[in-house]
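The next part holds the structures, each set out as structure tokens.
One chain, chain A, links the two complexes that follow: it is found with chain B in the first and with chain C in the second.
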Partner chain A sequence: MSDIAKVQNAVMSASFLKRFGPWLLLALGLIVLPFFFSSNIAVYTMNLMGIFIIFALSYNMLLGQGGMLSFGHAVYFGLGGFMSVHFMNYIEADIFVVPVVIVPIFGGLIGLLFAVIVGSFSTRRAGTVFAMISLGIGELIASCSLIFVAFFGGEEGISADRTMGPEVMGVDFAQDIEVYYLIAVWAFITIALMYLFSRTPMGRMANAVRDNDERIEFIGYSQRKVRFISFCASGFFAGIAGGLFAINFEIVTEENLNALTSGVVLLMAYIGGVGFFVGPIVGAVVFTLLQTLLSNYTEIWQLYVGVLFVSTVMYAPQGLTGLIAMHIPAFKMKRLRVLAVPYVRAGIPTLLLLAGISGFLETIHHVRSAAVGETTMSLLGIEFDTHTIMPWIIIAVLVVVGGYLTKTQMPQLREAWDEANAPLKSDEGGAS
Partner chain B sequence: MSSAIKLDELRKSFGPTEIIRGVNLDIKKGERHAIIGPNGAGKSTLFHLISGRYNLSGGHVSLNGEEISNLPPYEIYRKGLSRSFQVTNIFPILSVFENVRCSLMWSEDYKYSFWHLVDRERKLNDRAAEVLEEIGLTSRQHVPAGVLTYAEQRALEIGLAAAGGADVIMLDEPTAGMSHSETDQAIELIRRITVGKTLVMVEHDMGVVFDLADRISVLVYGEIIATDTPENIRNNKAVQEAYLGVEAEHA
Partner chain C sequence: MFELIFFSLLNGIVTGLLLFMLASGLTLIFSMMGVLNFAHASFYMLGAYVAYTISLYLGFWVGLIVAPLVVGVLGAVVERYGLRHVHRWGHVAELIFTFGLAFLIEEIVQFIWGKDTKAYHEPEILQFPLFTFFGQNFPAYKAFMLLISIGIFIALLLVLTRSRIGLIIQAAITRPNMTAMLGHNVPLVFMGVFGMGCALAGLAGVIAGPALGTFPGMAVVLGSIVFVIVVVGGLGSLGGAFIASLLIGLLQTFAIALDYSVSDILVAFNITTDAESAFRDLWTLSLPQIAPILPYLLLVLILIFRPTGLFGKRES
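The block that comes next holds the complex of A and B.
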């Protein structure tokens, strides 16, 4: 008896760990991160990351889970941001006093409100029609922001002061690190809510609509209503992200709701992988790192992000998360080691090739944009004169040799991949 | 016995072409009714009209005495009519289990709920497992539906149509493209899931039709030329001429 009870307990705790483990880990990670990365730039980056994670996840409720390609999701993010900035100003003017902590809710509500309005006509069909309407609405709201100056503040936007609200537990959000914890709490709550949403009947029907919007009507559901509800939920969470953006930066401008921001969120979700719940989280983290760190080293970081996006679309449509997930079968069969050497053998020449290509781009960029007469540039700490022949020869050698070796190493990598993913012998025999 | 489906002067045109040209049909509650006819006779179109996929050009459809003409498909489904498709029409990325669970969601009264967690709903999941057992896909429940074999997809297709507990089930060529043994299994499955229900099916395989149907309607060029028991249909002169391609001899 006691043995059975023990086994049951073990099973129970295992399933408990399985169910809540990732969440505990997430919470713990959010709490301890600032202890490891405590510089100003790190906190700045993490704050932006948190905001973008919520934003990208809300976007994926449309794209990955609902099959709706939106080119105007920044509308709900930006409007949520503007509303929150106004709320912070109301707080400052003693018109409507609430703690700053709950301001993002109002951002969410305005996102929801506009999603209800736009969704009421845009969710009739998915596909091209939906995409075109989202693009049109995006342009419409962006141009409104220069017309209705009272609400949008024209070109300079609206700014506010987040420290004016009533203090909660003695925190007035004067420090970025305090805002970090505010964003972390909101991120945890919204990630959990969006995850839970995907596990509800509604979330499941959103997947079904994505898969086959015709058949869903023959099992009792209106495709339009399913899309509409997903759309509203997505707008709500985007608005919350916008509210956090407003609190973090204390300014919101037209740029936060225009097509550029809509493009950024699409990029983040896609690079991370729209087919996985965690995909947009990965995408937001990678994108923010590229944006804040890579931009310290190179002026053409956006070009690299663009190349990353295009190569994701072409070669890894499942995104970065998909690339990791590809290795799970081999990992389960304990065969990842088979891949280590082939990866190194293919990886080194690939790095050479990439170094050559980016060296070429950087040097070209320097030649075109540097001040007249300035011909020395520095790359990876190496100084050289762009108007001599030597750097170009090195670049050419890197590209040609790297490219050739990469090509010759590919067959062995493919072979190793097949070997690592071959079905287990016992499976072939039919035994478990 | 009262009628499950009643068609009254049903018409459908695509542009100038009239595909369904005044169909009258009365399908009784609890019967197994087959619709047969040569290619291009309009059988699938008739199905689409009844199930709400196409709008009518004229006439009326009623389900259990209630008018359902031109209602959207989901309204018709909610009134108790469920159908399958000739070309497999499932949710390819969702798992097989998820496919079945989705098809149960409305009848188990979850509607558009975002306050239930599907994995916690024991009754829903038990019911989904039952349906999977019934259609013989229990061992395949975790794979994406898109990778099932053709016969398995057909079984799932029937399962999706039958799972929700609708009392009128319409199957559009359920055995199309199946081998002999697969067809036999499919017939068994159809027999099991339609006990106590009304079945309307389009079928090309005469063996299946004569095996399953209580009554048969013959649709030729958008008109029903005969509705009768299998025995009488087999001996019907007009049917033999029209359907079996025997030239009618005009006087």
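The block that comes next holds the complex of A and C.
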């Protein structure tokens, strides 16, 4: 082999790794995760995570990539779920026998169908008009679901049995872990498809419409058509997520298509970061963890989620992924070490402050909601009496000391940040 | 039949005017900032809860005065330290901020006051039937609600069209830069109008709390309806909001009062239906049943065929 061929080969394998490395890693991760987290609650959480990842990514096709703010995305998720539940019942009744594995496709198709119907008139404009139509449609379908009992099952919803389908390779989906692999495969396929969609000329045009729809018209594209196609694709993937939800929980109710679920998906995508493809994935993972783990420890977890959401919108509009991405320039210049000590110095007091605040909230909540006479509560394994003065003093000290130290440590953190992100010496005096 | 129409008309107007108290603030805020405030109904809920707490110690009438002020100040604080901060990230971020705020306020209300319905009642002085008509009572409290709503409507009209403050507000809405050049503090005007709008919503909450119930879901119940009104009436149009409020109020009360169903029509045409078919819900569909979805149907239809709303001039 000549030298040139060797170099070419090396370049090829490098670009191959760069292109497919993350995907191989994702596939590997999805396969081995259950070996590390094998308890029931862990598998339950991971199943929910997978479903929400697909759902949040489909939502980001609208908000992040297409610039369409939707308040009714749960409609497509919920309708996909209902369709899949009905299909599972058809399978059970031998009306239409297919393996359960491909049921989510039907969920996706019903999501697509409704997206075509709604998109045909709602995608004419982005912005407030689109947001309001999506809100109206969302409320409309949610109210309809309580009226048309034959299809939606009223308040108790529709349930089904996922084990009744013909077995594929000896798997009947009686175990949650089998469903996990089903969801993992679907998640991998849909994540890849949605990523590829964002790389097509169509996906690029969606970004262009988001950034400047007037200019698009001058170039010769129809902003409406571009939005319509994004909208339909998004509805399809949301429907698939709904179908997986139906298989996982074997029940779908009105709650899965109402405004609350629409809000949750917006929350997940935004907390994760709508500007990045992986943002909604991060958001879905974080939200599911908060929902399943935090709710074990505290009753007011939704309050924390609300605070997290509002502070994300206010201080980190790029989301959690954006916060990580902020460090890439410093990382590339190998200066992350500069930030380590300042981060620790500012981080510890901040943690104290947060611990104080959440301790305050928890204690107040306990005092107000506990049964009469029950005054002991335990926080992080520490038991104390809420009706004595000591816990309150500790909380006050935590808040005051933590708050004060956080405030005093901020300038040095900012200084270190500027230092880490300062242009390299060789850049100075250049064309800048 | 006549008594039905009479009472539905009265109830519809009471509901409509109550809705207008929310919608007027919302539409004013929208025409200023170009942002639909998702948390507007949350301020209505806060009004009810604050008034409830005050009424426990000082009585209903003190709550009626103080609670809207408290809510108004809260609203001004939200505008000053929240919305203005988010403004730099653009309109979508502002919309999402108010959405998150609505979520947060609901959680905070549940944290402070708990999840159960509060026993917030009208004052005893108003607990009597004002008049009896065809054997049906019309409670005095509803007349009181009507009176307050009309009073607010007239006051708002006078302030906006006849006073110097109203002049500056209108100028700040249409030409903010020009108004600032003339030496008016436009951000302060914005903060004031936001606070006023929230105070109005709070007042609506104070008087609606005893009638419609004070519970953590009350913002959600009314929130989307107020949106419908503002959009149907035409974004930024006060007159449109007024007409749409009455329209929605009447639509809802009449749809509940008139018990007609699809099967009645079918019977009139001698068509029989199969009680077991998959469309059975369609045949038994009745007007009270679809009453909750009528406003949304109206919203979607208006947005499709007349995106500017009934009286609006601009789309977004």
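To be clear about the criterion, the second predicted complex is superposed on the first by the 427 of 432 C-alpha atoms of A that agree within 3 Å, B and C clash if a C-alpha of one lies under 4 Å from a C-alpha of the other, contacts with A are read in each partner's own complex, and residues count from 1 in each chain.
Note that a residue touches a chain if its C-beta (ideal position, glycine included) is under 8 Å from a C-beta of that chain, and two chains touch if they have at least 3 such contacts.
As the structure is a prediction and not an experimental result, all values here were calculated from the model.
When both complexes are overlaid on chain A, the residue A:Val307 reaches chain C alone and has no touch with chain B.
Within the superposed three-chain model, A:Met202 lies in touch with chain B and out of touch with chain C [touch as defined at top]. Of the two partners chain B and chain C, it is C that touches the larger number of chain A residues. Common to the chain B and chain C interfaces on chain A is no residue. Residue ranges of chain B in contact with chain A, taken from their complex: 51-53, 72-74, 77-78, 82-83, 85, 89-94, 98, 101-103, 105-107, 110-119, 160-161, 164. Of all residues in chain A, those touching chain C in their complex are 63, 67, 69, 71, 121-122, 124-125, 127-129, 131-133, 135-137, 139-140, 143-144, 147-151, 259, 263, 266-267, 270, 300, 302-303, 306-307, 309-310, 313-314, 317, 361, 364-365, 368-369.
Residues 36, 82, 85-86, 89, 91-93, 95-97, 99-101, 103-104, 106-108, 110-111, 114, 220, 224, 227-228, 231, 235, 278-282, 285, 289-290, 292-293, 296-297, 299-300, 303-304, 307, 315-316 of chain C are the ones touching chain A in the complex. Residue ranges of chain A in contact with chain B, taken from their complex: 196-197, 199-205, 207-208, 210-212, 214-222, 225-226, 229, 233.
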